[in-house]
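Look for subunit A in each of the two complexes below; its partner is subunit B in the first and subunit C in the second.
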Partner chain A sequence: MKGFTVWFTGPAQSDRNYLARMVEESLLERGIRVELIDDESAGKVLFEGLGGSPEDREMAVARAAHVSEMLARNEVIALVSLDAPYREARESAREMLGDFCEILVKGDAGGETFEEPAKPEVLVDMQADGEDQCVTTIVRTLELLKLIPADETSAEYSGDEEEKITKRLKDLGYI
Partner chain B sequence: MFFKRKKKKKVMVVGLDGVPYSLVGRFREEGIFPNIDRIAKCTALRRMEVCVPEISAVSWPTFMTGKNPGTHGIFGFMDLKPGTYKMVFPSYRDLKSPPIWEQLAQQRKRSLVINQPGTYPAAARPIEGALVSGFVAIDMRKAISPAKHRETLEQMGYNIDVDTGRCREDHDYLFTDLDATLKGRQAAVDYFWKNEEWDFMEVVVTGTDRLQHFVWNAIDDKDHQHHGNVMEYYRSVDAFVGGLFDRFNKESGWDGEGQGFYMLSDHGFTQIIQEFRVNAWLKEHGYLGFKTDEPLTLEDISDDTKAFALDPGRIFINVKGKHPRGNVDQADATKVIDEIIDGLSGFSYEGQPVVKKVYRREELYSGPHTAKGSDLVVLCHHGFDVKGTLKEQEVLGRTNLEGMHTQDDAFLITPTAPSDEVVHIESVASMILETASK
Partner chain C sequence: MKKLLIIGLDCATPQLVFDAWLDDLPNIKKLVDQGIHGNLKSTCPPITVPAWTSMMTSKDPGTLGFYGFRNRKGYGYDELFFANNAYVKEKRVWNYLSRKRKKSLIMGVPQTYPPKPLNGMLVASFLTPNKDVQYTHPDSVKTELDQAAGGNYIIDVRDFRTDKKEWLIEQIYEMTEARFKAFNHFYKNDDWDFAMMVEMGIDRIHHAFWRYHDKNHRLYEAGNKFENAIFDYYKYVDARIGETLALVDPEETTVMVVSDHGAKTMTGAIAINEWFMREGYLTLKEPVTSPCKLATSMIDWSKTRCWGEGGYYSRVFFNVKDREPEGIIPKEEYDAFRREVITKLEAIEDEEGKCIGTQAFKPEDIYSNTNGIPPDLVVYLGNLDWRSAGSVGLNTLHIYENDTGPDDANHAENGIIIWNIDPTRIKELKETYSIYDMAPTILTYFGMEVPEDMIGQSLI
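This part shows the complex of A and B:
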């Protein structure tokens, strides 16, 4: 499986870091090699010395993109979640990295600058949809984009659900 | 300086599950469908053929992807788990081609899809807009995406489907349930229309299919105790469609009435003369045996079984290497196939041929998932309802079901006339996408 980058984008008060960690857990459970680059962990060293100016934000994106590229070369998925409000910088990262999936996490910008991406692959709203559904949507999109293999082991329906479906199909004479 | 903004044009699709083209024509003349009549007069109504087998599980995915089962991957209500005789239920997750709304999302167009069969669970694929799954959805909690709409739909009493078990036996209750379900569908449309931006909307009525399975005979028989109820239901469906059409025309962004508006059914319907039980036929002719007197599943087939069937008439040759207890050599499979085709083609009931055609896999399917399809698919003449049941021992027989699906009598309404007099359901998605691109 080739490595690629999943970039979590969202305004200051979105839950993107938390969501990125949940997605990381979900992928780890499947035995997929993944690393998280966010403000709170690797970012503490990676973004040391950078402030909030547009130039510093662009540098932060560039550093994260370079690390992601190295991870992807070694067949590791990079999950990136950092405070990157400027679209142009993120688009540059997309162009550089190639295999790139952007997740827009809805949230309140709280008056701060945030430029939404033009075409994120996934749009989620943790408040409206809940954590589980957001993670499912993201992981499922990665499967549909053929970036990760589909999970063949999990059954779509429980035994109880299969019984109900069977009954309904029998009622209509289909089986 | 003033700029003339290009009006955003919308597209709407209304599905009436199982309503035959022949019935649309008749009801237009009889005044049961006055709204569909005026819609047909400003659009183009055509007879439509659908896929084989002619069941909703296959027809709707074929419609919504514009691909055949060999490409979209859904061959029936049930499928074999690879390498086993265990049956699994394909879900929306198993759809291998993007539906119309995903293709529209690539153009940043938003879709509202209400009661689309074959889209359960709703969150299995992304939706730019909202999706409410139709049949065989069984749990409302998993039938709505995004989940934020769930509470509202539950509070308005939205039903995914009628209570099929009860309605099959209690025809008085059938009409109560049909009415409530249609009202719920209307309420859902009103809610989404008011609260969500959309470029594409699709609504499917499935009550028509249920009514036609259970009380088809009441359509023609004016003395039937439920004839009045049946006509009333069709009138209410027509009124529902008329309301959608009028509202759509006010907001569609198109210049002419009916532009951007589609209607279709996923198969036709007719009266059952006899059920044709393929597994019973295979057993009678020595192709199928069981380890037990009362087989429950295909896991009960005997080791000398040469062929078996899944719903409704999909025949698999029990080939070595493909099936766990296969005993037909690959080299002999064609001979077995030819024998079965000959045998079925000659099968008759009271002088009437039962089987219209037995299709080989390659005649029906193309694409990367073709190998997953059955070796043969049986299409019967009108009146003979092919079944893949294991329970029934008699090759021909009846239950209390009155109506069956047909493959060649669905209907399609398009904004402008397609070039062919008879269209195929596989071609509809591309028509819709082309309309949406204008």
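This part shows the complex of A and C:
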């Protein structure tokens, strides 16, 4: 499976970081290699020294994109969630990274600048839809985009397989 | 301590492990002496499926939505499914551990076929139809598995009903040796936070050889040549456990030995559908004069209110109007009818007229939920001293040569738990713990939150 980037975008008051962590866990549960770059963990080191100016925000995006690129070429999915309100910077990241899926997490900008993406691959609303549905929507989109394998565990045995299993369970006394 | 190893021994039974043979099982005894041990109360019913899944999810069969190996898919008479891993929707311990980047090695845990991804590796168990299918995660493990097992990894014994008892014993030993070898190979070659294997051999040898071992079994003969078969095998398993323990770093890993249920003597089988016919609850289209499996096509549904499944316990189903396709029990009479059937089932007698102590449970009384299609009653015939035979044409209610499977041992409600953890870490030392407490305990051990919908409690 190739690496790629999932970019969580949302205004200051959105549940962006929390949702990114839940998606991270959901992918980890599937044994998929994934790393999260957000304001609260890797970002503490990665974005050290950067403030809230447009130039610093652009640098934060560039740094996150650079790390994502390194992860992706090592077949790791990069989940990025940071305070990146400017559309142009995010579009630059998209162009640089190629395999890129943007998640717009709806929320209240609280009066701060936030430029919505033009065409996010997924739009979620945690308040309206709940955490589980949002995670499912995101993961399912990644499956449909063929970025991750679909969960295709089939329950059905073939006729021959079912006959063998039935005989074995009868022999063992279970049925 | 930050790692955990669980050795599962399906059907390992406390009266043998703790009471009769502990001094003959030095490796198990060492774990007992180092920590805690006790009974582990199984699910209702105490059957491999769903017991191991209940253990790993802390969810009861009603929440899981399956009540045994084979379950009704709908209220049609023939809509059945095998509850394999694709039907398991609840998260197991290793799913939670994966989410937190903990790596798991899972081998032979029942109900894991078809395999689902996790952080680590998994080898599915005996509901795997054959070795040609993909039964490992990742796929590449399958290639290494036979070599790791010393030549041939054996998922389960073949031809279990053979009369060639020596050959069956050989197979059980081969299977056990191969599984422990394979497990040890993978265990020592990587760094696992959580490792768990389940060996089925004890269950297999109990069912096939209990009559030779148990002096109280009606078919026991003193001095028979298989008298020590079960004892010798327990010692063999203990030696294999010793080899695995030699790979464990005691400074960072604790070890559990658990089972999903126990074993006890089986007195015989009650022909449950013969009983229903005698009570007027079941009518066949044509009389049957020789023993045969009951097919739903043989039943006159216009005159039938109940039918039952065979197995170590019985599931009883009612033919309810507007629920089953040709149902006749009016819904408003369902509760009263069920009480009537319970009373009669619990009064079933043996051939000498003595009540055998049957217990009949309503699913809604014993489970948190009743997902899927639960049976209308879960029945322990003779409190599991008797199994259920579903065949008809037997001309008797009491059978001593079983109609489908081995008749030596039935399942008992208590399995075992042994854990070499400092006993002062256990909140409350008990004689009997609950199978539902295992998953919360494991998550707590790893410093993780226990989900609110788990029905058990952490032991630590």
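Note that the second predicted complex is superposed on the first by the 153 of 175 C-alpha atoms of A that agree within 3 Å, B and C clash if a C-alpha of one lies under 4 Å from a C-alpha of the other, contacts with A are read in each partner's own complex, and residues count from 1 in each chain.
To be clear about the criterion, a contact is a pair of C-beta atoms (placed from the backbone, for glycine too) under 8 Å apart; a residue touches a chain by one contact, two chains touch by 3 or more.
Computed from a predicted structure; not experimentally measured.
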{"item": "Touching partner for A:D171 - first (subunit B), second (subunit C), both, neither", "value": "both"}
{"item": "Touching partner for A:D125 - first (subunit B), second (subunit C), both, neither", "value": "first"}
{"item": "First, second, both or neither for A:Y157, with subunit B first and subunit C second", "value": "both"}
{"item": "Partner chain(s) touched by A:I32 [first = subunit B, second = subunit C, both, neither]", "value": "second"}
{"item": "Shared subunit A surface residues [contacts with subunit B and with subunit C]", "value": "155, 157, 161-162, 164-165, 168-169, 171-175"}
{"item": "Subunit C residues within the subunit A interface of the complex", "value": "47-49, 68-70, 81-82, 84-87, 91, 95, 98-101, 114, 116-120, 126-127, 129-130, 133, 137-138, 156, 159-161, 204, 207, 309-312, 387, 402, 404-407"}
{"item": "Touching residues (chain side subunit B, partner subunit A) in the complex", "value": "55, 57, 77-78, 88-89, 91, 93-94, 108, 121, 123-126, 128, 135-136, 138-139, 145-148, 161, 164-165, 167-168, 209-210, 213, 275, 311-312, 385, 387-389, 399, 401, 404"}
{"item": "Residue ranges of subunit A in contact with subunit B within the complex", "value": "119, 122-123, 125, 128-130, 133, 136-137, 140-141, 144, 150, 155-157, 161-162, 164-165, 167-169, 171-175"}
{"item": "Subunit C-facing residues of subunit A, complex", "value": "25-26, 28-32, 151, 153-155, 157-158, 160-162, 164-165, 168-175"}
